[in-house]
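Both complexes shown next keep chain A, but they swap its partner, so chain B is in the first and chain C is in the second.
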Partner chain A sequence: MAFEEQAQAIPFWRNTQVLRWTAQIVSGLAAVGLVTWLAIRMINAIQDRNVPVGFGFLSRSYGGPIGHHFLPYNPSTTAADTADSFLYSLLVAAGNTVVVSVIGVVLATILGTLIGVGRLSGNWLVSKLSLSYVEFFRNVPLLIQLFFWLTVILALPPVRSGIQIGDLFINNAGISFPWPSPTGVAPTVSWLVLAFLSLVAAYFVYRRRSRLEIRTGQPFYPIVSGCIAALILGATAWILVTAITNSVPFDITYPAPEGRFGRISGGATVPAALIVLLIGLVMYTAAFIAEIVRAGIQSVRKGQREAARSLGLNQFRSLRYVVFPQALRVIVPPLISQFLNLTKNSSLAVAIGYSDLLSVAKTMTQIGPALSIFILVMLIYLVISLAYSLIGNLYNRTTAIKGR
Partner chain B sequence: MLSKLFRKKIVLASLAFALLAGLLASCSGDDATTGGAETPEPGPTTTAESASATTEAVTEGTEAVTEGGEAVELTQSAESRLQRVRERGNLICAGRNDVPGFGFQNDEGRLVGFDVDLCRAIATAVLGDPNAIEPRFITAAERGPTIQSGDVDALIRTVTWTTSRDAQWGNFAQTMFYDGQGFLVSNDLGISSALELEGASVCVTQGTTTELNLQDFISQNNLDIQVVTFEETDAAKASYEAGQCDSYTSDRSNVAAIRFSTDNPEDHVILPETISEEPLGPVVPHGDEQWFDIVKTVMSILIYAEAYGIESGNVPTEATGDPKVDRLLGFDSSFGQSDLGLEQTVAQDIIRELGNYGEIYKRNLGSDGIGLTREGSRNALWANAPCLDCPRGGQIYAAPLR
Partner chain C sequence: MTVSQPNPAAEGALPPPRAERGVIGWLRFNLFKDWRSSLLTVVAAIAVVFALFYGLRWIFVQADWGVVAELGGRIAIGNYNTVDSCASQNCFWRPQAVLIGFVLILGMAWGVAGKGMTRNIAIGAATVISLFAFLPYSWEEMGMDVRLLLAANLPALGVGWLLARYTPLSTYLRISLLAVAWFVVSMVLLRGITGAPGLQPVSVNNWGGFMVNLILAVGGIALSLPIGILLALGRRSRSPVVRLRIPLGNLRKLKLSLPIVKWLCIAFIELFRGVPLLALLFLSQYLLPLALPEGFFLTRIPLLRTAIVITLFSAAYMAENVRGGIQGLHPGQAEAARALGLSGIRTIRLITLPQALRNVIPAIVGQFISLFKDTTLVYIIGVLEVVEIGRSFIQGNIQIWGGADKEYFIFVAAIFWIFTFGMSRISRRVEERLGSDSRARN
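The block that comes next holds the complex of A and B.
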């Protein structure tokens, strides 16, 4: 009875429960209202100006050039077949962006870690060089760096008078080198499948032997034995596939100049624009990653490293087994933002002549509805970024301090 | 916990995009029916309301803006672009400053060029001052969105008139230059036809029909050509000059300008093939017919001034007795100046300030500019004074002024 009276005595404007709900509802309505208002404004503006929108164009054939592509791409309409659709062309371009982003992320992480560790080095020269690297590359706008690297690459001799070192061709159109190319669907695909299974098997060998090593304290060489298992299984698969299909899965092709303009064909060619883009993105992002790594290492208490050293671990091992695992907790979350930055910065590609997602999309707007195309481009970047966040967060879970 | 947060993020982001896509899809369809469902004030039922809102809008403009989408629309159209330009006191032209001949900053820092002069001519017509222009320098890819937004009064930036652009971008006023895509190659390659470009790499600037024309040319002739796309002409030019690309392709006017700006123009040759039709001219935003007519009329004035032999140095100050000349200069009869909201003597001002079409061409593109031959080309006048009916072989022709 007394309890009920007390409950009624609280006026609703002082009831935290009510206040909390009201705040939630008001802010929710405000957000929805703002979005709706913006959307209505946008639709009005679109109708006012007769801007075409819609996504029907996606299935039409596109037929614009994509200078360099990792996925197969056909821009030309002939009697036999038609050019690839807008949607597929966008995906080809997105493929370029993904490849640039993945390679860039890997290289930037390696370089950034080296420089970050270098900044903490006891060697005066190494630490000062790392410091100058970081301060230079993170303080100069990326676009300027890209133009700088473009100028450097353009200073190389052109294709017709390029440098040749053995089977390596270097010129201002790119770098060409021997490369294994697939010989046919049956041998290549079957070997790839078998090779993948060999890797899986090798992983299990590695896991088993590393557990044994931990349990017994005896050396079982997990990495070495894993590699040997992979090699033996892969080679066996190679011999088997060759015997059965009468063709090796991959054949090495060698680059050679061809035609009047001496363009290099055969082997693999990394186009100059891609090199410039990767160098620019990696050098720039590595500067930021180096700072993150340094901060991460410095966040681990000095005592940890000293304890590791007093246990008899050498400099490298104390870093590898004691300091770094603890530093990862601090490093991983901001590192993922740097991966996202690198991915988004790759949209500067068009300035130096590389056909990334944004570059191709901009060309598409010449014959397709710009607004729809840019919405799709936004979506694709969002998907790539969310994928990075997902992987990063999953990994972060393994490194984060486990709740007690 | 993190993954939960993350899942929430994904759901929210996809919701937002679904909303956006849904709204767009609905307005792309039959706008009258589906658009009304989303708009708080559907059209037919509130006609009377919006009409009264209009009258209010005229008297109290600011209040009407808050009444919703339709009222905003009406207040916008209540004020013509001509009025807005005059209130603002300058003419906003989207253009370029990177190509000699069309739009370029000269050694004294003054913006000069064919496109710039057309902008100045319009400014002279509506504001009486050739310097009352506000140039906006944009890349080729920005041209469509810029003119669609209506934020600029005219887009004069070597824009090729195509039907889909006419439908999507804005209204193309008048072809002032007939261009076509050509190829620039270095002399030491020793080739004489674009068909010999098999195996070459070709640089293009992005966001133009150039890329698509090039791809068509490649497909039609079954050539193996590597296309390298740049955003800016400067980078494409640097790449060509360094030999990264064997050829540079663009509109012939642009190719000529690039050739003109290389260290040794004689070392480069423009191949004979013209692989596209590129009529260039000013574009105005959709939705204001008076403004569209004004721009067309200004272009007519420039062209007929040349046909009648009126130059910046010899603009008559009183009636000449030649009815056509007097009509052009506004001494006697009218060609519609007052209907368009222009001064009676608008042509005199334009010609005195900028000269006629021929003078503008010569100054920027011809012998005093980048050296494109005009005589015998498509860019000669169709008619020439004193005999207006004696064809000169050119295609520069405009609506007669009467």
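The block that comes next holds the complex of A and C.
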């Protein structure tokens, strides 16, 4: 009883329960109040300027320029009514960001892994070169690097007097090279579907053979046989589709100068701004990835590799089956965060004039409601980030140590 | 070379073969171990020789560094001392006074730390700054007063050292407080006071050059760590639980908890981490002013909004680093502290945070470096920071300096590299001293 009385005797301003609840509720109310106040003021200010608020603009046609796009885009300068809508234009811009991000991630991972392994090389020169690469590119702001690469690209000869190596055209507008272009809906789509199925089949061949290899200890060449399976199946599908539809799925087109100004048409052209953006992003991010890969490999104790070698696995297999699976556990989480950084850094395209999500959105705000556009842009970036995190977490779950 | 040392345990044993010791042994072991290594070495060596030849030839022969010389002091302070921003007065002395103050504080830090890294940094920095006084400009371009104030940095360092030695200003805490106070004073000094003689106001919109990068970085670093720690603690906070008894059929117990603080912290962190800094900067530039009252100081000064955005952006990342550190601690640490009778706040302050922060020093310094690099992005809202001041100058004088942007970017890259590389070295040394080096423990 005495204890209870004592407990009741605590004044409410010293009761932790009361204090904590008050803190929670006060902070919640303060945050909600601040955000509401800002939002109401902002919407009022926008309405005072006679700019529409809300998301009704999304279905209207946009018609602004998007310099380079991977998805088909129709700005329709002649009749504004048929131009693509705001929503679709935003998606085209988001598509650019996604493609830049995926290509950048793949290239940066390859380069970063090479440099990270190079830092651990027994060769003194290679190791020191990798170290200098990392220390230089990691420590200089990406913006300066992008501006620098831009000056390098713009120093190339103009389109008229560009460099030509075989079917490769290099000039300050970009790089053009031969590229397969689809010939028609039926052959192209059906072959793409079949090609995808053969890739799936090849993956199963790879998985089965690597399991056999692990179970029996005999060489079954999983990677080689997987590639062969994919090639054979893909080629068979190609022949089949050609025979049935009377047309090859893809035709290779070659770039060639055209017209009075020697504009390159045909093939595929990677615009200069995209090249600069990719070079900058890849070289910058690779420096960070190299450090992650190095730390990951170093986190696997030497004894693991030595044990694998003494069990009779050769150099490659001991790396592939013993060291790498353990290193990946350490590598993957920070690697995913580097992928996210690369994606977010791709917004620096604004500085060098590439039409990524942010720069298109910025142009769009000149004729559309800025608040709504920015909310959408931030949502798209959040979705991309979430997608990467999701893939990373799923992968992490498969590689994490079981039972912890 | 341990290889060439005679082994005392094997008296009379022959020395290793000549090909395995000394320079030859090192070369054989590190560069020409087998044919693969030799091939790599040859290819890499050819690449290095070519890169060095063309690189050095470009730097010393072909490149025209005139643009750097032409910009001169503007690289450091932007258009701060031009007629537009500081009419009828010479304002160059204000940034220089700020610099001298910081060198003085650096000298005090040296006085407290004694020998070692702090001394090397202090002497190195002060010497380099003083040497700028002897730049080969003409007297018209760079007056005696400017040179004297630059050269004064070396004596200032000595004064700082003496102050730390012979006055009560001899603890890290006091020096840190002094540094914070000096930062505030220097903001006032740079901004100026209306009516005060010699302190004519200079609009913040005219601040520029490397000064702006440093101000943003120093302010951001000083504020983003505490904010990040608070966010991390908030994200890990549990909310109080209320147990309700509901008379539904049998008496049911219902646990009710409303972790509002935790949700707010998570929302803040994930929002700022999920969106590019540039998008946030645009937002703060074009939309935030609409929401703020007319004439409010945040509405008038874009640079201040930028500073807040950069700081909060960095704090969100910092929060995740700190959270990683806290989660890496064994829960027994906090439990033991509570069992010893420490209050919740004291447990965090004395037990959890010191260990958690020590374990994530590399990540925290990495975030500082990244914040420093991100300060270049404020050019997007028209601040003439160090990259943009040169870029806009070259664009404006394209007839004269048309192709000189390469040189300027390389020069600025070198400046940034010195600072960021230095920061990562310092972090490495601090880590070694605190014994939290993970590689050393393995």
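The criterion applied here is as follows: the second predicted complex is superposed on the first by the 332 of 404 C-alpha atoms of A that agree within 3 Å, B and C clash if a C-alpha of one lies under 4 Å from a C-alpha of the other, contacts with A are read in each partner's own complex, and residues count from 1 in each chain.
The working rule: a residue touches a chain if its C-beta (ideal position, glycine included) is under 8 Å from a C-beta of that chain, and two chains touch if they have at least 3 such contacts.
Predicted, not measured: the structure shown is a model, and the values here were computed from it.
Asker: Is A:F136 in contact with chain B, with chain C, with both, or with neither (first, second, both, neither)?
Answerer: Second partner only.
Asker: Taking the superposition as given, does A:T253 touch the first partner, chain B, the second, chain C, both, or neither?
Answerer: Neither partner.
Asker: One more residue to check, A:V53. First (chain B), second (chain C), both or neither?
Answerer: After superposition on chain A, A:V53 lies in contact with chain B alone.
Asker: Counting only touches as set out at the top, which of chain B and chain C does A:K362 meet: first, second, both, neither?
Answerer: both
Asker: Kindly classify A:S347 by the partners it touches after superposition: chain B alone (first), chain C alone (second), both, or neither?
Answerer: So A:S347 only meets chain C here.
Asker: Quick check on the superposed pair: does A:W21 touch chain B, chain C, both, or neither? Answer first, second, both or neither.
Answerer: After superposition on chain A, A:W21 lies in contact with chain C alone.
Asker: Counting only touches as set out at the top, which of chain B and chain C does A:A272 meet: first, second, both, neither?
Answerer: first
Asker: Between chain B and chain C, whom does A:A39 touch in the aligned arrangement: first, second, both, or neither?
Answerer: both
Asker: Just to be sure I read the superposition right, which of the two partners does A:R397 touch: chain B = first, chain C = second, or both, or neither?
Answerer: It touches chain B, and chain C stays clear.
Asker: Quick check on the output: what are the common chain A residues between the chain B footprint and the chain C footprint?
Answerer: Residues 39, 41-42, 46, 147, 151, 155, 350-351, 362, 365, 370-371, 382, 386, which sit in both footprints.
Asker: Could you please specify the touching residues of chain A with respect to chain C in the complex?
Answerer: Those in contact with chain C are residues 16-17, 20-21, 23-25, 27-28, 31, 37-39, 41-42, 45-46, 121-126, 129, 135-136, 138-145, 147-148, 151-152, 155, 298, 344-348, 350-351, 358, 362, 365, 370-371, 374, 377-378, 381-382, 385-386.
Asker: Sort out for me which residues of chain C touch chain A in the complex.
Answerer: Of all residues in chain C, those touching chain A are 30-31, 33, 37, 40-41, 44-45, 48, 239-240, 242, 258-261, 264, 270-271, 273-279, 282-283, 286-288, 290-293, 369, 373-374, 376-377, 379-380, 387, 391, 403, 405-406, 409-410, 412-413, 416-417, 420-421, 424, 439.
Asker: Which chain B residues qualify as touching chain A in the complex?
Answerer: 2-3, 6, 9-10, 13, 16-17, 19-21, 23-25, 27-29, 31, 35, 38-40, 69, 72-73, 76, 141, 144-145, 148-150, 164, 167-168, 189, 191, 196, 198-201, 203-204, 206-209, 211-212, 214-216, 218-219, 222, 226-232, 235-236, 238-239, 242-244, 246, 285-287
Asker: With touch defined as at the start, can you tell me which chain A residues reach chain B in the complex?
Answerer: 35, 39-44, 46-55, 63-67, 75-78, 83, 147, 150-151, 153-155, 157-160, 172-173, 258-261, 263, 272-273, 350-353, 355, 359, 362-363, 365-367, 369-372, 375, 379, 382, 386, 389-390, 393-394, 396-397, 400
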